[in-house]
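In what comes next, subunit A is part of two complexes: it sits with subunit B in the first one and with subunit C in the second one.
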Partner chain A sequence: MGLPNASEDLSSEMEVDAFRRLFPLRYFERHLAESIRPDARSLSRARNTTISMGAVASADGSALAKIGSTTMLAAIKMEVMTPSLESPDEGCVSIDFHMPPICSPLVRPGRPAEAAPVVAKQLSDTISSSGMINLKELSLVGGKAAWMVYLDIYCLDADGALFDAALLSAVAAFSNLQIPTVSLDDGKIVMLPEEQKEENSEKEPVNKEKRKLTLGGIPFSLTCILHKNYILADPTSEEESIMETLVTVVLDSSNQLVSLYKPGGAVLAYTSAVQDCIALTRQRVKELHQILEEAISGMEID
Partner chain B sequence: MAAKPSTTTTAKATYSPIDPTRKTRPPIFSGSDVDWLRPDSRGFHQCRPAFFRTGAVNSASGSAYAEFGNTKVIVSVFGPRESKKAMMYSNIGRLNCNVSYTTFATPIRGQGSDHKDFSSMLHKALEGAIILETFPKTTVDVFALVLESGGSIRFLVKQVDELDTLWFAVGDLPVVISCASVALADAGIMMYDLVASVSVSCLGKNLLIDPVLEEESYQDGSLMIACMPSRYEVTQLTVTGEWSTPHFNEAMQLCLDASAKLGKIMRSCLKEAASDEQE
Partner chain C sequence: MEFVSPEGLRLDGRRPTEMRQLRAEIGNVAKADGSAVFEMGNTKVIAAVYGPREVQNKSQQMSDQALVRCEYSMANFSTGDRMRKPKGDRRSTEISLVIRQTMEACILTHLMPRSQIDIFVQVLQADGGTRSACINAATLALQDAGIPMRDIVTSCSAGYLNSTPLLDLNYVEDSAGGPDVTVGLRLLSCGTYGYTLGPMD
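And now, the complex of A and B:
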C-alpha cells in the first residue's frame, strides 16, 4: 500500500507531466472522479470522426477514416477468379489488415504487431456475418467467373480503437466501390476499354456499366473501456494501455446486434454494464451513419 | 468455421481483367521524336508538383507526407531510442531504414512486402547527412510506406512477370528520400542539411526529369541523385543503363538544379509548420 499513498502526497508537489508518467492509473482515476478525461472529453464521448472517399486513385474503391488521430486507409481491388464448386454463383471477399511499422512505435519491421491478426479476424467475421455484402452479386458468369474482392486496410496511425476505425474505413470503401466494366473474350474476362464500348459487339458484355454494390445492413462499432464502475467510450492508445478491459459492440444500421467482443480483461462486466455499452453504441451508430452518408453525398456532388 | 469465404479461397488463382488492346506495347518513342507529350502532359524538363506536410503520424517522433503527382508516401521517424539488444556498443548513433509498399500501390495488386533494395538505398542516402554523434548508443528508425506508386493510372502493366523488372526501377525512391529527410527534420534529428533527391531517365536522345513508372519502363538509362542543396554535396548517386558523357553531364546538372528547387520547397514546408506551432 506504500506506493499509492506516496503518490497521493507527491501529487501536490509534482509537475503534472511527471505525475502522468509515473502514476498513470492514479492520474486517470483523478480525472474519472471528475467525470472528465485528460483530452477534455466526457466519458461517453467519442473523438472527432471523419471519412474521405476515394483516397487511392489506383483502387476500385477506397476510403480514409480518422477517429481522433487513429487513421485507417482502406482500398479495394477487384480481380477475376473461378468460383469454387460448392458455391458456383458466388464471389469472394478477402480482408487483410496491416499494421506497417510507420503506425506505432511498438511495431518494428519484420515483427508483425500482435494486434493485427486479432483485428483482421474480427473484421472478416463481422463483415461476413453482418450480411452487408451479397456474394451472389459478385458473380460474373455462373460457375465460370466471379469477382474476387481484395480489401486491404492499412493502419497509418495507431491511437486506440483500431477495430472501430478499421471497420469504418472498410464500410466506407465498400460504399465507394465501383465494379469495373468487363466483357467475355475467349472464355477469359477482359477489361472493356472506354473508347470501344459501343463498337465491340462480338464480345459478350458481362458487366455493361460501372455499378455500385448494394449494401445490406451496414455494421458500425464502438469500443469501450470498463474500469471499476466507469465506462469510457472510444479509448486512446494511452487509455488502452493503462486500463485493459475492452468491450467492442457491433450493431448494424437497424440497431441489430452483429457481434460483441469482450476478450477477457481484469474487470468482470455485469450485464448492466454490457447494456450500457450497447446503449452507447446505439448513439454512436447514429453519428457514424450520418458521417458516412455525408461522405457519400459529398462524393456525388463532385 | 463453415462460413469463412475470406481465408479459405485466397490461394485460388485470380487475375486482373487486363485491357487486351494493351498487350502489344505501343511505340512510345520513335528515333529523334522530340514533340512527344509525356503521359501526364509535362515538359521533358518539368518535375511533378511536389507537396510536403509534416506531422502525418501523431504517435511518431516526427513524420511527413509527400505527394508528387500520383506518388504518395508517408515516412515516420521513431527515436532516438534504445538499440536492439543484439547490437554491439557504438559510440555514435545508428540509423535504421525500412521501405514498404501497400498492396494497392502498384497497378496490379502486389504482395505489399518490405522493399529491401530501397531500404538500404534510403539508408545510404541519408547516412551522410545525419549527425550521428548527437545520439550515441541509440537508434533512429526511419520507416517509409509507399501508399501509391507513381505512374498514370490508365497504364496497366501487361504481364505480371514483367512487373519484377519494373519493381526495381528507381521509381518512388527519390520521393521517399526527400520525404524521409523532412520527417527527420520534423523529429528534431540533427542534420548537416536536408537531403533532396531527383531522378532523370534517358530515352533515346531525350532526358526526362522525374519520370513516372510508365516512362521508366521504356528508359535506356536512369540517374538518381540525392544531395544536400545548401552544401552542394552529393550523398548518393546511382547510375544505371546506357549513358553518353555529354548526356550524363547534362543529366547531372539537371538533377542538381531540380534538387536545389526541391530543397526550397521542403524548407518552406518545415518553416510553415514551425510558424504554425508558434502561433
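And now, the complex of A and C:
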C-alpha cells in the first residue's frame, strides 16, 4: 500500500487496519485529501437507502428503513382515547425512540444510550412542526373519542446518521398506516376486525371511508459532518466518533426548511457551510422522495 | 372452544404434530459480533451477541471462565395491544434468566476467562412460542459470532388441548388455559437440557 508522504510517521511500517485504529483522524484526512472516503463514497454521497413497508404484520402501519447498515424499524399502533379539553376535536401522536443493546456495542443494558432521548425529542419536534399529520383527522367523535397514535421506532443497527434513518422510517410507517375500522356500540367505540365487514349491519363502521391519513409536507433530512473545510454527507458511526461536528438539516418535500440542528462541536460553521449543507440536503430530498414513492407503489401492487 | 376440529385440524389449519413455518437469517446486525433473526410462524425474534469482550462490571469478572449475560425484551408493538413495560417486568426477567442458563451450559466458558459474552434478544412480533424462538435465535447468533460451544440448543413448545397433544402453540392456543411445556434440547448429546411447565408465553 504505497502511502504518500510516509516519511514522518509510522504509517509505512504498519498495516492499514492498525493505522485506522491508532490514528483514525489521520487515516480519514488522507482520504479526504483525495476527496474520497474509506468506503469509496464521494464526500457528498449518501449510503444506499432502502425502505420496506409493512415489516410488522401485527401493527397498524410499519416500515423498515436502512441507510447503509443503520437499520430502523418503525411501527404504529392506534388506540382510542378521550381527547383533552383544550383540543376536543384533535387526536394525539406519541413518538418513542428506542436503542436496544442489540444495535451497538456501546449500548449497555440498563443504561440507555445517550443518543436515544436526543433523537426522540428531535423526531417528535420535527414531525409535529412539519405539519405532516393533521391532528384533526385523528378525531372520531368530537369531544368524546379520538385516536391516540403510538409510534415506536427501534434501532436495530446503529451505524451513524440515526436521526435520518429514524425520520425516514417514521415517515414511511405513516404512509403505510391503515386506520382500523371502528363502530359505535352503545356509546362506546369498538374496534372491528377486518373480516366482519360484510355482516352485522348494526355495527356500521364509523370511519369506513377514512382509512388512510393525508400527509401534508413530508419531512426528509440529511446529517452532515463538518471537518476543517470538508463537508461529509451521511456519516457512518466511525466518522461520527472521530469528527464530532454534526449538522442536521430537515427540509419538506417543497424544499422549505423545517429544522436546522447543530449541537455544538469543534468546527464553527460559516454561512457558506450551512448553505452547502442545505444544498446537499435538497439533493438528498429528491432521492428519498423517489425511494419512498417506489416503496409505497410497491405495496399497492400487492 | 374447539381448538382441534373433528377432522383433526387446528385453528390455523395445522395438524396436531405440525410445526409452523420456520425461517432464519444470520448476520443482520452489522455492528454485532453475531446476530440472527428467527421466525416461527408469526413470532419474529432478533438476537445479537457481543463478545467475548471486556467485562464492564469488574466486580463480576471471573478469573477462570467467561461471564454470560442475557437480556430479553419485547418491542412495544410486538403484541396485540401495545405493551407499556417491555422489559424489567417479572416475565422478561425470568425469560432472560432461562435463556442465559440454557446458553451458558453450552458455551465453553473456560476457554475465555475474564471476559463477557452478551446475548440480547428482542421480540419484534409475538404470536406464542417467543421463549423457543429466542433460544433458537440465540443459538444461531452465538454460532455467527464464532463463540466456541459444546453443542447446539434448539427449542420448541407443546401443549395439550381437547385431549390432543399439540406441537408449537401459537398465542391463541397458548392462552387457552391448558398445560404447556417448552423444551430446550441439546442436539448432539440428545439430552433434554431444560424444560419449563405451566401456563406461560
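One rule holds in what follows: the second predicted complex is superposed on the first by the 280 of 302 C-alpha atoms of A that agree within 3 Å, B and C clash if a C-alpha of one lies under 4 Å from a C-alpha of the other, contacts with A are read in each partner's own complex, and residues count from 1 in each chain.
What we mean here is this: a residue touches a chain if its C-beta (ideal position, glycine included) is under 8 Å from a C-beta of that chain, and two chains touch if they have at least 3 such contacts.
Just so it is clear, the structure is predicted and the values come from calculations on it, not from any experiment.
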{"item": "Room on subunit A for both subunit B and subunit C (clash or fit)", "value": "clash"}
{"item": "Partner chain(s) touched by A:Leu222 [first = subunit B, second = subunit C, both, neither]", "value": "neither"}
{"item": "Contacts of A:Cys103 with subunit B and subunit C, given as first, second, both or neither", "value": "both"}
{"item": "First (subunit B), second (subunit C), both or neither touched by A:Ala166", "value": "neither"}
{"item": "Partner chain(s) touched by A:Leu135 [first = subunit B, second = subunit C, both, neither]", "value": "first"}
{"item": "Which superposed partner A:Asp157 touches (first subunit B, second subunit C, both, neither)", "value": "both"}
{"item": "Residues of subunit A touched, compared between subunit B and subunit C (which is higher)", "value": "B"}
{"item": "Contacts of A:Leu251 with subunit B and subunit C, given as first, second, both or neither", "value": "neither"}
{"item": "Partner chain in contact with A:Ala57 - subunit B first, subunit C second, else both or neither", "value": "both"}
{"item": "Contacts of A:Asp185 with subunit B and subunit C, given as first, second, both or neither", "value": "first"}
{"item": "Touched partner set for A:Ala75, first subunit B, second subunit C, both or neither", "value": "both"}
{"item": "Common interface positions of subunit A, toward subunit B and toward subunit C", "value": "56-59, 62, 69, 71, 73, 75, 77, 79, 96, 98, 100-105, 108-109, 150, 152, 154, 156-159, 237"}
{"item": "Subunit A residues touching subunit C - in the complex, by the definition given at the top", "value": "56-59, 62, 69, 71, 73, 75-77, 79, 96, 98, 100-105, 108-109, 150, 152, 154, 156-159, 237"}
{"item": "Sites on subunit A touched by subunit B in the complex", "value": "56-59, 62, 69, 71, 73, 75, 77, 79-82, 84, 90, 92-96, 98, 100-105, 108-110, 124, 128-129, 135, 148, 150, 152, 154, 156-159, 180, 182, 185, 189-191, 193, 196, 237"}
{"item": "Contacting residues of subunit C [partner subunit A, same complex]", "value": "28-32, 35, 42, 46-48, 50, 53, 56, 69, 71, 73, 75-82, 118, 120, 122, 124-125, 127"}
{"item": "Residues of subunit B defined as touching subunit A within the complex", "value": "3-7, 9-10, 12-21, 56-60, 63, 70, 74-76, 78, 81, 98, 100, 102-107, 109, 112, 114, 141, 143-145, 147-149, 153, 156"}
